[in-house]
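Take a look at the structures listed below.
In the two assemblies presented below, subunit A is common to both, partnered first by subunit B and then by subunit C.
After this line comes the complex of A and B, so read on.
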């Protein structure tokens, strides 16, 4: 089932190792909160700001979740060291979206998708459903933060170890004026590709309207 | 737009209390499946729920096959699979890392949450699949998304699977937070010690037409606390909001709820806040109990497992007792000491998670 949606804003950020300019001091003025943020949370807050979105339903996605927190926990257990409570709090897949809700006092529904290489495709579908069900603007964000020590032992295809992509959509009766084509985004984690297709197609367009499967 | 109604037409589960039949026997007779374990932390005994010797992925296929056998379907080729899990394949990754001190032999695809849907797709060939990971609300949110997709007619059949295995990361992680109980947990008890981590699998087939002994998934609602990354809002704003949203979605009043299957983890923070939420919103004092006293907290599987229990409660018209309760912390909530025969139309099942992620599901008898 396909429905039509206005794309209100798009944004992306990426770096081979670490995204340097996430503007976190301005966006997260409270130091106690800022120092607890994971890399994905910082990317999410930056991207949501780029999309001018602070309040409303959110669908977030990540194929691998909070890699650094998970590595810290498993490393501590392996070496008989105590686990940092903050590392455990930050290890769940909805961490980034939860910090976003804390920062902005956002009390709306927040969902996190983790569907491997289909993650951003499923974020698009689930956000379309949420936008239709609530008739509201929805923020979609996908990030991967893979820049952890020794990641090269398992990473064979991702050049951009930190990358995120975001857009906001609103249901509309208008006819789609943008066609989304599937492209190769070599160097990016495949979990981001479908949203990168949408962002690239809509970037710089006047009032993009797209069709999305629920 | 006219919405389809959504029915739970088949289900099965596996937890430390056994399959669904054994689980309900344990729930009504207050027989906890929790065992005291020292294998995860030799110096610190903790109550854990395990379905060993059954292997996790073999059990996942077995539970799903049983749902297919119960259903009116020949296969799942026209069914959307929605998985809810908080840890995915991390138990396998940990094992490799602990043995080799290296990531080299960890398969990223088998580490991720999606290993569960990949495994099930290999066996059953679903039409499509997606996975939700919002910590302890994962499979409750999977139920909510499944309901909405069916209501709009996007799919004819949705199989929701909640599944989480025991692993060091969660057992030791909750220990680091100081919330694990060394004994079987005692939700809502005045001097409770904390929670029990447990593994669990539950699968429910949602369809738009009732079949036989169906239970209706009448409504669902979510909310965010926006309060703290792990602690619930002490004013219970998020918990109340998700329950109210679910009631609104179901088109019923608070007074229509006859039983609350509580999130009830046994931690100080959760149980106090959930009691306050129920006391505030459901002023007619419906029965409430937490079946985690029997199953432990199956994390991302809990929403689906407790959906199965909620369906059974409606079919049996029998309220589960609050196992292990001696003195309740909050005397304003109605915690039955023994099973109660009742005339039930609606049950609400709560799930709350890290990040202040809240979801409530309303189930009802088919009218």
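After this line comes the complex of A and C, so read on.
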């Protein structure tokens, strides 16, 4: 079954190595919180700000999760060193979404999804269900932060080692005015492709309305 | 002997205290709550750092409570108990 959704805002950010201007000093003025943020958390906060969203339900996705924190833990184990509690805290999949909630005091429901190349497709579907069931605006965010030391020893297909995509949707009775086509987004992690399809189609459009599969 | 300015620089790097310079930190500055504003996760991070850097392992809570009072107390503890 398909339902219709108004796309209120879209945003994306990407870089071959590191996204330089995520505006974290302005967006996260408290240094004691900012110092702990992971790259994905910084991207998520930046993207949510671009979408003018700070309070409400969130569906967050990442296929690879917190790569740097995970690498730090694995490195510590391999060299028989104690594991950093900060790396441990930052290694879970919902790290980015949790820092977002801490920053804004957001107490709404957050769902985190990781399902390989289907991640952003499943984020879209889950967020559609959330928006329908709560009748609220929902923030969807997917990020991948793959820029860890030596990543190019195993990476052969992802040019943009940091990339994130976001949009906000609300249910509507209006007829869709945008058709979403599946495209290959060469250089981006495939886990982002389905949301990139939506963002690219809606970017610069007046009041985009799309149909999403529930 | 570890100089207090060296330790301040190490703490700034360890805790990623962005925008803070060693000269900004008072010798008497508390490590936790007011002062540097570190928290319980930082306490574990600091314990690991002291073990790795100075081979200091606390045998009891009282020792760590004494050492963690301020930057000055910590440098004194390192110079007394650490492998330098």
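As a working rule, the second predicted complex is superposed on the first by the 214 of 214 C-alpha atoms of A that agree within 3 Å, B and C clash if a C-alpha of one lies under 4 Å from a C-alpha of the other, contacts with A are read in each partner's own complex, and residues count from 1 in each chain.
The criterion applied here is as follows: a residue touches a chain if its C-beta (ideal position, glycine included) is under 8 Å from a C-beta of that chain, and two chains touch if they have at least 3 such contacts.
Nothing here was measured: the structure is a model prediction, and the numbers come from that model.
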| item | value |
| --- | --- |
| Simultaneous placement of subunit C and subunit B on subunit A, clash or fit | fit |
| Vertex subunit A, arms to subunit B and subunit C (CA centres, degrees, nearest 10) | 80 |
| Which of subunit B and subunit C A:84 touches, first, second, both or neither | both |
| Contacts of A:178 with subunit B and subunit C, given as first, second, both or neither | neither |
| Touched partner set for A:70, first subunit B, second subunit C, both or neither | first |
| Chain touching more of subunit A, residue-wise (subunit B, subunit C) | B |
| Touched partner set for A:15, first subunit B, second subunit C, both or neither | neither |
| Contacts of A:113 with subunit B and subunit C, given as first, second, both or neither | first |
| First (subunit B), second (subunit C), both or neither touched by A:31 | second |
| Touched partner set for A:129, first subunit B, second subunit C, both or neither | first |
| Shortest span in Å between Cα atoms of subunit B and of subunit C, once chain A is used as the common reference | 7 |
| Residues of subunit A at both interfaces, subunit B in one complex, subunit C in the other | 36, 82, 84-85, 89 |
| Contact footprint of subunit B on subunit A as seen in their complex | 1, 36, 63-65, 70, 73-74, 77-78, 82-85, 87-95, 97-99, 101-102, 104-116, 118-119, 122, 125-126, 129-130, 132-133, 150-151, 153-154, 214 |
| Residues of subunit C touching subunit A in the complex | 15-20, 37, 39, 41, 44-45, 48, 51-52 |
| Subunit B residues within the subunit A interface of the complex | 86, 88, 90, 93-94, 97-98, 101-104, 106, 108-109, 111-114, 117-118, 129-135, 141, 145, 148-149, 152-154, 168-169, 172-177, 222-230, 237-238, 241, 353-357 |
| Residue ranges of subunit A touching subunit C (in the complex, touch as defined) | 31-32, 34-36, 81-82, 84-86, 89 |
